[in-house]
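Some structures are shown below for you to check.
In the two assemblies presented below, chain A is common to both, partnered first by chain B and then by chain C.
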Partner chain A sequence: MSWKLFNLLLEASLMTIFVSTISILIGLVLAILLSAANLSGIRPLQWFSKFFISFFRGTPLLVQLLLLYNLLPVIGVQIPSLVTAIIGLSICTAAYQAENLRGGFEGVPTGLVESADMAGFTPVQTFFHIRVPIALRLTLPALINEAILILKASSLVSVVGLIELTRMAQNLVASTFMPLEIYASAGLIYLVINLVVATAGRQLERRLPGVGSK
Partner chain B sequence: MSDNAISVQHLVKRFGTTTVLDDISLEIPRGQVSCLIGPSGSGKSTLLRCMAFLEEATDGSIFIEGSPLGFVYDGAGKRQRQSANDLRKVRSQIGMVFQQFNLWPHMTALGNVSAALRRVRKMGKAEAEEKAMLQLRKVGLENRAGHYPSQLSGGQQQRVAIARSLALEPKIMLFDEPTSALDPELTGEVLNVMRGLASEGMTMVVVTHEIGFAATVGNQISFLDHGKLLFTDAPSKVFAKPRHPRLEQFLDTYLDRGASTLI
Partner chain C sequence: MGFDFDVILSKQDQLISGIAMTIFVWVVGTLLAALIGFIVATARRYGGVLVDKALTVPIEVIRGTPFLVQLFLLYFGGPYIGLSLDALPAGLLALSVYGAAYFAEIFRAGYQSVPPGHVEAAECLGFTRIQIIRNILLPEMALLVIPPSVNMAIILLKETALLSLITVPEMTMTASAIGSQEYAFVEAMVLIALVYWVLVELAGLLGRFAEKKLSRYRLAKA
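== the complex of A and B ==
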């Protein structure tokens, strides 16, 4: 296999990294909002949050992406496949991250919220300044895990017409008939990316001051 | 306005069918140290937490500097929850120190002390941190400002927690067994800070097992047992013989532990 082919894979992997990173970050923001809805004590918001989470956890990402891809033109929305891919991945990972965060929010000691109450924080301030940072720290390992899952699941977005690492590999195989070399290279690139993410995650865990760390 | 910082009137607290506080009435005089003592499960911590509205009383009322806390009575004499804003306003006069310190683990000591100054009092970062440093200096921890709670000893954490409360300039400080989570060596440094506060004339309510502290620093001592307030009096009277039989029994457990020199 030539360097030229490998470089094409590397270039396509940039798309994988880009789509995944954006989706994970948007998903995290959505997950925090879903958690806020859950903690708000407002029934309709809680129902929405629960429904959202069970729907997007309960259906395959591939089905969600195909549904989104076919639904958008029907309702008159014309957007590039890159945006479709990001929307699909973000919504799906939001459901998983929200479920991860739920455990984190439950793990925030009551006393820390009481001391915020006594300091005069409003519930919204307590949520963003106390609950969220602590919940994020408690769930960091699970969130890193989710990031790795999304990096791999991003291979599915090729169905909405985006050329990322897996799709590029398939295209190259179709024109070069070297499936072993090309798929092995693609796998290797995924592995390297995820090793970097896992290592960075562990560094972050160690460095973040607070819950359970020195 | 009366001379009392806190007025507790006919307070009742029930958890299900268990009565934890049974018709408690207590006046906390301004500028004095009031200690709540009694065996575990006597309701002293619950009473203190009611004074901060961290527990909702089942019946009765509490006034902080003359203002009702937590509940208000409407025209028809019906008890209703106070609005969140009003509650915050009344609470802003109270500082609370917890047994478990409850410092926010993701903030440095300085961050803990300055957070509410910035978020609640809307001060700029520089001003808030300057005020926070002042408080940290007061508890002798200015050289630990950049440390996170996990890097501090229990005694240091509790002193930061005291500084955090003081930064908001409360009129009343509530202490919920502030030294119970500390070993004896660290207890001293926290009690010293509290003695300093008392000498400055801070109104303090202290739930404590430190009978020595209650006897020497307290101006009034209330003894609770099984949810009932048995008596409130000056330490000289409380500890003078003959003592209330239930208190005698309670103090015996301390004497057993060799604390006779303190009492």
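== the complex of A and C ==
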């Protein structure tokens, strides 16, 4: 396999990294909102949050993407496949991240929340200034794990026509008939990206201060 | 615009065979994955340092790459190295190997959770290695291994949807075909999303039930 082909794969992997990063960040924001809904004590919001998390964790991402990709034109929304891919991945990872965060929010020491109340924080202030930072720190390993899962899951957005690493590999296979070399190279690139993310994650965990004893 | 579920439901024979195929691939794939994973974990425990190190590489490679790429590599690349498989066996093989890498880690953690004293005691009593695995290690790690195993089974169920991309006639492929023929793609996808959801919830329920049943094996805190 020539360097030219490998370079094309490398270029496409930038799209994989871009889509994954954006989706993880949007997913994180959505997950925090879902957690807020869950902690709000308002029944309908809690139901929505539970339903959302259960549904998107309970169905395959491929089915979600196919559904989204075909639903949008039917309801009159015309957007590029890049946006469809990001919406699909973000919604899916939001459900998983919200589930991860649930454990983090349970780990927030009650004393800190009570102190914030005493200090006159409104519930919203307590949520964003006390609960969220601590929950995020506690679930950092899970977040890094989720980032790796999404990097791998982003291979599925190839079915909605976005030219990322897997789709580029498919296209190259179709024109060169070298599936072994090309898919193995694509796999290698995914592996390297994931190793980098895992290593960076471990470094980040070590550098950041922990959340004292409970 | 309107949604019409009747046209989809009128194809229920096809749908049911798709659902049956999904369940078949899922159950067989998960069992094979658990079996291979168990063998790998056992080989790593008893096979010496070299085997342990040698098995780490494929496990990390499988866990670090997307299932879709593995599937395509096997199905489209396999014939070039004399491994021509039909869609179904290729899908089953890919699913089992993929799952096995994760199950190997689950069983490794399980093995590590058993107090060494119990194994040493059994050795002193003259238990053979097989007896130790069957009578000491497996029952003691069962409770710890069940939740991640159920989780993995659920992940594998969702991964079976990818087999549609190599033309295994499971429910995602069946529903896509019906949906395109009948111009009711969205309805078809909603319907099978619900089926997946029910299957996932059922698997979770079954897992919690098994956990409860096995809780009598819980180790007393030393």
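Structural remarks
Throughout what follows, the second predicted complex is superposed on the first by the 211 of 214 C-alpha atoms of A that agree within 3 Å, B and C clash if a C-alpha of one lies under 4 Å from a C-alpha of the other, contacts with A are read in each partner's own complex, and residues count from 1 in each chain.
The rule is simple: contacts are C-beta pairs under 8 Å (C-beta built on N, C-alpha and C of every residue); 3 or more make two chains touch, one makes a residue touch a chain.
Predicted, not measured: the structure shown is a model, and the values here were computed from it.
After superposition onto chain A, the modelled positions of chain B and chain C are compatible, with room for both.
Looking at the superposed arrangement, the partner reaching more residues of chain A, out of chain B and chain C, is C. After overlaying the two complexes on the shared chain, residue contacts for A:A36 are found with neither chain B nor chain C.
Figure note: vertex chain A, arms to chain B and chain C, all at CA centres after fitting on chain A; angle 110 degrees, rounded to a multiple of 10.
Of the two partner chains, chain C is the only one touched by A:N70; chain B is not. In the superposition on chain A, A:L156 makes contact with chain C only, while chain B stays out of contact range. Touch criterion met: A:R137 reaches chain B, while chain C stays clear of it. After overlaying the two complexes on the shared chain, residue contacts for A:T59 are found with chain C alone; chain B is out of touch. In the superposition on chain A, A:V173 makes contact with chain C only, while chain B stays out of contact range.
Of the two partner chains placed by superposition, A:A85 touches none, neither chain B nor chain C. Following the chain A superposition, chain B and chain C show a smallest Cα-Cα distance of 26 angstrom. For the contact definition in use here, the chain B contact set and the chain C contact set of chain A share no residue. Residues 1, 60-61, 64-70, 72-73, 76-77, 80-81, 157-162, 164-165, 172, 176, 179, 185-186, 189-190, 192-193, 196-197, 200-201 of chain C are the ones that touch chain A when the two sit in their complex. Chain A makes touch with chain C in their complex at residues 54-55, 57-64, 66-67, 70-71, 74-76, 148, 152-156, 158-159, 166, 169-170, 173, 179-180, 183-184, 186-187, 190-191, 194-195.
Residues 109, 111-112, 114-123, 125, 129-130, 133-134, 137, 208-211, 213-214 of chain A are the ones that touch chain B when the two sit in their complex. Chain contact summary for the complex, chain B toward chain A: residues 52, 54, 84, 88, 91-92, 94-96, 98, 100, 102-106, 108, 115-116, 119-120, 148, 150-151, 161, 164-165, 168.
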